[in-house]
Each structure stands twice: as C-alpha cells, then as structure tokens.
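In the two assemblies presented below, chain A is common to both, partnered first by chain B and then by chain C.
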Partner chain A sequence: MFIERMIKLIVVFLSALFILYPLFFSVVTALKSREAYVESPLGISLDSMSLDNFIKITNNFDFIHKMGNTAFVVITSLIIIFAFSIPTAFYLCNMNNRVTRNFLTIICFSFMFIPEEVLILPEYNLMSKLGLINNFLSVIIIFVAVSLPECIYLLYMYFSLVPNTIINAARSDGATELQCLKRLVVPICKGPILVVLFTTGIALWNSFLIPMLLLHDEDKKLLLPSLSGLITKHSTTPTYQMAGLLLSMVPLVLVYFIFRRHIYEISINGSMH
Partner chain B sequence: MSKVSLNNLTKDYGKTRALSDFSFVSQENEFVVVVGPSGCGKSTLLNLVAGLEKPTSGSVHVDGENITKLQPNERNISIVFQNYALYPNMTVYENLAFPLSVRKYDKAEIKELVEEVAEKLEISSYLKRKPKTLSGGQRQRVAIGRAMIRKPHVFLLDEPLSNLDASLREKTREELIRLHNSIEAVFLYVTHDQVEALSMADRIIVLNEGVIQQVGTPEEVYYCPENLFVAKFIGSPKINILPTNIYNSFFEPINLCCDDSLCVGIRPENIMLNTDNPDNDDKNGVITLIEMLGKEFAVHVQIGSYSLIASVPAHTFNDSFRCGKKVQCMVDEEKVIFFDVESGERIQKNSLHL
Partner chain C sequence: MLNSVHNQILRFQVIVSYAIIFIFCGIPLSSVIIHSFTTNALSSDIAFVGFRNYLSIMQDGVFWQSILNSFILLLYIPVLMFVGLWVAIYLREGFALSGLYKGIIVFPEIIASLTVAGIFSCLFGYRGPVNALLELFNIPPLYWLGNKSSAFVVIILCIIYTSFGWQTMIFSGALTTVPQEISSLIKVDGVRGLNKIKIYTYEIRKTIYHSFLLNLIYGFSSFFSIIYTLTKGGPGYNTTTIDYLIYLRAFKYGSDLSSAYTIAAILFFVVMTLVTILYNILFGKRADL
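On to the complex of A and B.
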C-alpha cells in the first residue's frame, strides 16, 4: 500500500518536473537582464528580476501586428481544415465499401508520419512558381495540406464511436446526411472536435520553418519566425526572446480556458439501453 | 390507409444469409408481429423495410409504390429501435421534435404536436430533460413518441418491450394496441416473446434462420402449426411431441400401425390427468414435478422414457396431484396434431386414413 502510494507520488512528481522545468527556465530567463543571464543562466536572484524584457519587446518590436498576422493565418487555416475534415471524416464512417475505406484511412494515417521538413523544398518551389511568396495564401495552403490528413484520421476515429443506430434513427426520422452531421455527430463529438482543433491550432501557431521561408516581408512576417530573428539581430542571449515567446503563448492559454469546459464533453449516455 | 408488400426479400452478410426469400403482403393497417428466436433475422427485416440496409435481392412496396431504392429519409417509415437510440445531445422535447424540425415544420406547429404526443404518452413532465436522466421505461416511451409524432405509413418496432419490467410491459403493450387503433399505419412488430405475439397480433409471421415458417392469425399459429418448429416455438408450457409408439402405448391407441415416420403433438392443456384410477396399469404415468404458473399448474408426467407436460387449471387442481403419484393420461383425439418426423411438416388428419 505504502510503496504503491510512494511510486504514484514519484511518478507524478517526475512528470511535473519534466513539464515545468522548461516553463520555469523560460520564465526565469525572461525576467533577467542580459548581463545577469550571461553571468549565470540558471541562477535566480530576486533583486535583478524585472519586467524590462516584456516592456522592451512590446515597445521596440511590432508584437501586436505580428501576432495579428499569425492569428489571421492560423484561424483561416483552421476554418478551411475543419470545413473539409468534418464532412470527410463522417463520409468515411459511412462508407460501405470496406476496402476503399481502409485504403483512404491508411493514406491519411501514413501522412501523419511524413516530417514537415522533407516537403519544404518542393513546397517552396511550387509557391514561387505560383507567385505566392510573401502572400499569406501560400502558408495557409500548406498549413491546410499538412494538417488535413491527421485531422481527418482523428475525427474519423472519434466519429466512428457514435453508435450507428443513433445515426440510423435520424435517417429514418427523415434527416439528410448533412442534418445528421450538423445536429448529431458534431454536437455529440464536440469535445473531441475541440481537442483536435486546439492541438492543430497550437501546432500551426508554433509552426516556424514554413512561414519563415515563405513570408519575408517584415510586414507579412509571423510571430515565431520574427522572434527567432531577434536572436541574430540583437544579441545571442535569449532573455529578450523568452519574454516574446511567453507573450506569444498568452492567446493559446486564453483560448484553452474559454473552451476548457467543453473539451471533456463526450457523452452518448442515456441514448441506448 | 396503408399497405406493405415485401417481395422475395433476401439479405446476405458475406456468407451468412440473414433473410431468405421473404415474401409477405399485409392487410390495410394490419398489426403484424414477427416472432422468432434470437438471430433469426428479425432486425434485419426491419432494417430492410426502413431502408437502412440494402436487400441483396427482392423489393419493398408501400401502398403500391416500389420504395426499394429510396433512402431511409425519403420513406415515410418510423422505427423504434431495440435499444431506443435516443439523441443524447438533445432534450426530450428536441428528441420528439426532431422528425418535424428536419422537415422544416414551423415552430408553433412543432410545439403543438410535441405537447399532444407527450400528453398521450404521459411524458409531458420530462420534456426539458436529457435522455440520460430518464429511466428505461421513460426512454422507451420517448422512442415511441418520436416514432409516432409524424404520421408514418409504416411503424416498425424492434422488441420495444424487451427492456421493461413485467408490469410496465403489460401497460405499454396496451398503449401500443391503443396507438395502433388510433393511427392509420401498418405495424411491423418484432419480438422473440411468443406471448407478446399471440396477444397483440392481427397476424403472426414465425421466422427461423431467415426463413418464414408460418404466416397466420394467432389462432392458426397456435392450433394449427404448420411444422414442428412453429409448434414448439409458440405456446407455453411447450407442446408435447411424442413418437407414435409411445403415444399408442400410453393413450387411447389410434390406428396408426405405429407409423415411425410420424410423431404426434399435444398441447399441455389438452391432456387430462386422471388420479382416481391408481391401479397398477402399465398405461399409467408418474408425476415427477409440479409447477405453479398462476391460473394453471404445469404437471410433468413421466411416461416410459418420455416426460410430458400437462396443464391443469387451478380450479380442478387438488391434493391428489403429488410427485410420485400414478396418473392416467387422456387426450381428446380431435386435438392431436400429426407431424412428419423427417420434414417436420404437419400432416392433415384426413390424409392419414385413420
């Protein structure tokens, strides 16, 4: 009993440590002056801590504009991704031909394993041929293409958990496929959909390589690539950047807290015997 | 006024044939009960009629129109599923309103119809609740309400009473019969409970392994079963099936010359037991078990190597029925049914040259 409890405690403690260490490091760094960082990167001394970095970065650097760019690109991509993946996943669920269905899901599944970096060069070539360099559209197209297979696959897995009789009941009640999707599948799977939406959103928000290559105009740059640009422009110490990075997380955390309540909701309780 | 006709419906799932050459034409607004053991294809039949599965071959007609190719939402057919299948994300009100709201009825009309149905089924006080907060019986009434809110041509019910306790089952059974009398629709009611079938049906379809065994009124199916399967499936306690030689040596012999190709069926209520005659005749059987079934007693009697069941009405039952007691078995010869052992088919008595 005691040993079991100790093991549980240790596991929880270690995972907390793993999760909190980078965050702690970022916060400490962001609160330090450059000199203090050079002196001792990990040291904590309360009197040298200040919010200077945060103030400086919002003053000297067009933070809000860059964040707006990122938000625009990410939100537009998410809308397109979900407009396509939700109906596609539902269609896959209802596909009677098992061979085709498995073939399509395996394709989606295997796309999840292609590293982003591999595709960068061909993508860059394609976009420059289309004349879309320095155009948000190029990043949106690639974001959509990269995220779709994974989203379709995950949503397909979740949608197939909805008992078929519920959908069949709706069909014989006179609902069209679109009505089944809108009035049953989406509300029932609200939680999973939000989780997929949220994780995809985070991945895109923090995406670095693609927007850096495709958007060079200062005016068009997204938040993360420009933050990393600071390291060469201003100094080699990351204090300044860490402050920016922490600030860039704020919208994600806010969105999480708004939707947190709905994320855990998936319940078909009570519909079946 | 509606009429359903099913023509040569066959459904294969891979190699298993769930339904085989099913043909049936209903009367107008008939209450048809499909009865059979688990896995005999009852749900499959309903799915085919509702359009949720495509038949391998055959066709479905409603009011003379061939609807085999129509999607489920294009057919005016309601179905109550074996497990209710309520919409978990909607309140009871929204569940009941769903068939109307997908058809774009206007709000006031929906409200009126929902309230009317809720009143009929006594679920008015749960309208704001989600299905997960309801009891089994309440859920089941919501499922029925959802099916009856638009006036369907055909009403499909898949074992709607199987999850209810005995008293609620009886009450709902009455409600369903009343519902059938009040709306003009063909009812196709599936059950594996033969008591339900006998008590509710205008006509019964007995199904086994996807093949129709008999179609007939409850009386026909009970008194004139067309084969051994129907005879054994319908009726409780079960019919007694005896080889002719046992029959001849324990009952009044019929001139059958101990025909081995035949066996006889006797319903338990047609066997009379005489306990007043305790002489050591080898024609007597021995009581081995007595079960109290309410209005009657099921008395198990050992005759030779066979055990048969006689039901004795409670008012004629007395202390002389005891385990171990010798009894003489008698039967009204008119009520004996003959079957061919090989094929299981019933043999008409007048073809027997008794």
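On to the complex of A and C.
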C-alpha cells in the first residue's frame, strides 16, 4: 500500500512538473539578460532580473498592434459564426424530415474533421482570384467557413437535449420559432454556448497556417505568424523569444481565468457520452 | 404574420450557413479531388489523366518517407492515452490539491501549440537547459533537433504537452459514469497497478475507442505549427509529415501543384475513412458496445 501511494505521488508530481517546468523556464528566461542565460540556462539569477526584454520587444515588435489585428479578426469571425450557427443548430433540431436532418448533420460532422492543410491550397487560389490576399476579409471568411460545421454540430448536440415539451408549450402559447430560440433555448443552453464560443475563439486565436499564408503585409500580420517570424529571427537569443511568447499568452491567460470554471465543463462534455 | 416572417428569417440563416460551408469548404474540397485526377493545375485546359498523378506520387520517395514519419508521430498516442488514463484514475480516487492539479494540466490547452513549440525549441536547444542538465551527468550535449530520432522525441513530447490535459479530462469525465460500486470492489479486493487500469479500461472502452480515433485523425493533421516551429520538416525530409509535405509542395521552393493536390486528396481519403469509423462507433449499430 505504501509503494502504491509513492507511485501515485511520483506520477502526479512528475506530470505536474512536466507541465509547469517549461512555463517556469520561459518566465525565468524572459527575465534574464542574454549573458546570464548563456552562462547558466538552468539557473535563476536574482540580481540580473529585469523587464528589459519585455520593454525591448514591445518597442521593436509592435505587439499591441498585432494583438489588435488578431482580436479584430477573431471577434468578427466569432460574431458571424454565432449569428449563423445558433439558428441553424436550432432549425436542425426541429426538422421533421429525418433524412434531410441526418444528411445536414453528417455534412457538418464530416467537415469538422477535414484537415485545414487539405483545403488550404484551393482556398488560397480562390482568395487570390477574388483579390482578397492581404485583406482581413479573406481570413475572416475562411475562419467562419472552417468553424461553422463544428459549431453547428456541437450546438445541435446540446440543443437536442432541451426537452421538446418546453418548446412545444411555448409554441402553443403563440411564440414564433425565433422567439422560442431567443427566449428559451439560448438561455437554457447558455453554458454550452459559452463553452463552444470559448473553444472556437481559442482555436481561431491560435490558428497559424491560414493567417500566415493569407496576410503578408507587416502591418496586417496576425499575432502567431509574426511570433513565428520572431522565433526564427532571434533563434540565438532565447531570452528575447521567451519574452515574446509570454506576451502573446497574456490575453488568453486572462480569458482562461475568467472562464476557468467552464473549461472543466468543456473537457467533461467533450467526451460526449 | 409575425410567425411566417420569423420563420423566413430562420430559414434564411440556415441557407446562408450551408451556402458558406458549400462555397468555402465544399467547392475547395471538390477542386482538390478533381485536380488530383487532372493535369497541371495552373493551365487553363485541364485534361483528365486518371490515376497518373497517384502513380507518380507512389514512385516519390519523399512521399513514402512522409507517410512513415506520420506513423512515427502517432507513437504519441499510446503514451498519451496510457498516462492520461492513469492520471484520470488517480483523479477519480482523489488526492490532496487535486483541484489545483486539474487547473495546472488544463492550462496548456489554451496556449497555442506554436508557443509551446517555441519554448521546447529553447529547452532542447544546443545551449538549452536540457543539455546543461545532461552535462551535470557528464553526457556530451546533443543537437536534439538535428537528428531524426531525437527530433521526433522532442516533437512527440511537445504534442503530449499540448494534449495531456485534454486527454486526462476526457478520461476523467468518462470515469464519472463508472458506478461507485466498481471502485468499492476494487478497493475491497485490493486490485492494484495494471489490473486496476485494465478494469477501468474495460468500463470506459467506448470513450477509449473514440478518443483513440480522434487522436489518429488529429495525428495526421493537427501538428503543422509544431513541426514548422521546431524542425521545419528537417533535417532534410526527416521529420516531414504528410500534412507538412502538402504545405511544402504547395507553397515552398520547387512547388509542384498537382502532387500537392494529390497528397491532399490522399490525406482527405485517409481522414474520411477514420471519420466514418468514428461515426459508426458514436452512432452506429455498435453504439451500445
């Protein structure tokens, strides 16, 4: 029994260390000077600790501007995605024709899993034909198109859990379909909707391939592609890199602490029993 | 009157959503498949060539290497699932500070995998802390990313780092459905170690099947940014996976569009096969497995 407990302790401790150490390392390194890092990459040097790297990077790199670009693209996409996926999911739930309904949900289910690398080449060609390269609109359109199937599908799964009797009662009281959606289904499913919103938002904020290929101009680049440029450019100055990587995490960490309770729900509901 | 107007609005939104999916996902997808059966994708007179593109891809050594690399990358799945289940069982049994622990392991979920890869490339850099640690044991420093097998170790560790929390939370969510009696029996009978894991594996086998399939699907396609940041597919083509090869063929030097389209089509067929199996597990006749 004692050995059992020790194993448990070791597994839990090591896995937590595995997750925490890289984060700890990046914070410590970002606070160091380059010389201190070369001298001992492992150590913490309290005396040379400074925010120099962060100040330098915000001055040279225009972080705020890039975060603004990303926030604009992600929030616009999210608004469009939810304006269309919520009603579509609701409509699918109330469809009487089973064959059409299954067909429409299977479309969403399949497109959910198609890798972005498969579609990126024709999408790029389409956008260059439309003359939208270097335009935020191209990224927004593709973000919406890629996320819609997943959002529709997940919301459909959640909405179909709402008991039909409630909606039918509202209907017989003379509520229109849109009112049923707005006054009943959305408030009841507020939690799941937030969860889907949160996961989609994170996925879009962290997506890399699409914005990298579609936006080239320096003042239009999104956060992650320019971060990748930073990693390549300063590969010999880890202190500088780490400061950049940490700054890029800040908005997500803030969102994480606001939504922390819901993240557990995501993971548990994610197993879809 | 109001009802019919509202119905019209609702129907309009549904049509627009499916139109967006059709135009910006459906048409590109069909163009990938069509281009994989035709001659040079750029010229205006497209001629049907049957399976010629596929045959020439089959003779391409780099293609086979990338397939092999994709399969090597999948080695992360058994490690991730085993450790995930193990920790999930511990979480079910409960331990001190388990709430904090959950908060810690879920955290990487929100960080971009590109960021994680950036941190890992420093950790495993030539002058990085891992080499410094090895030096303490008198092991000479390694070029972790300059060598095929060690580069894969770093990539796989990085993938596990990003997916560990997700996998553990899915398993611990599934374990909440296992009846309490089974846990009590395990405790009373003193089942230990691997046997305990076996029992729980059997209890949540459906979740295990479908998260295995999900991992397979993601394994073929979702780690582009990790490979891009850590190795750029190199050295040579040593860590180029199939999805990375599509990017190289489509957008990098010596781009070869028809081979890019063909590889994309092959990746699509592979993923669709896996998705069909997944759909059958979730909703098919074997749903009550």
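Details
Note that in this section the second predicted complex is superposed on the first by the 197 of 273 C-alpha atoms of A that agree within 3 Å, B and C clash if a C-alpha of one lies under 4 Å from a C-alpha of the other, contacts with A are read in each partner's own complex, and residues count from 1 in each chain.
Just so it is clear, a contact is a pair of C-beta atoms (placed from the backbone, for glycine too) under 8 Å apart; a residue touches a chain by one contact, two chains touch by 3 or more.
Just so we're clear, the structure is a prediction, and the values are computed from it rather than from any experiment.
Of the two partner chains, neither chain B nor chain C is touched by A:S50. When chain B and chain C are set side by side, the one touching more residues of chain A is C.
Within the superposed three-chain model, A:A145 lies in touch with chain C and out of touch with chain B [touch as defined at top]. Of the two partner chains, chain B and chain C are each touched by A:Q179. Within the superposed three-chain model, A:A170 lies in touch with chain B and out of touch with chain C [touch as defined at top]. By the touch criterion defined above, A:I188 lies against chain B but remains apart from chain C after alignment on the C-alpha atoms of chain A.
Look at A:T100: by the touch rule set out above, it reaches neither chain B nor chain C.
Chain A residues in contact with chain B (one complex) as well as with chain C (other complex) are 176, 179, 267-273.
If you check the complex, the residues on chain B that touch chain A are 47, 50-52, 71-73, 75, 77-79, 81-90, 98-99, 102-103, 130-134, 136, 139, 146, 150, 163. Listed in rising order, the residues of chain C touching chain A in the complex are 2-3, 6-7, 9-11, 13-14, 16-18, 20-21, 23-25, 27-29, 31-32, 35, 83, 86-87, 90, 95, 101-116, 118-123, 125, 127-129, 131-133, 161, 164-166, 169-174, 176-177, 192-193, 207, 210-211, 217, 220-222, 224-225, 228-229, 243, 246-247, 250-251, 257, 260-261, 264-265, 267-268, 271-272, 274-275, 278-279, 282.
Listed in rising order, the residues of chain A touching chain C in the complex are 4, 8, 11-12, 15-16, 18-20, 22-23, 25-26, 29, 37-38, 40-42, 83-85, 87-88, 90-92, 104, 106-111, 113-126, 141-142, 144-146, 148-149, 152, 176-179, 181, 202, 205-206, 208-209, 213, 224, 227-228, 231, 235, 238, 241-242, 245, 248-249, 252-253, 255-256, 260, 263-264, 267-273. Residues 163, 165-166, 168-176, 179, 183-184, 187-188, 267-273 of chain A are the ones that touch chain B when the two sit in their complex.
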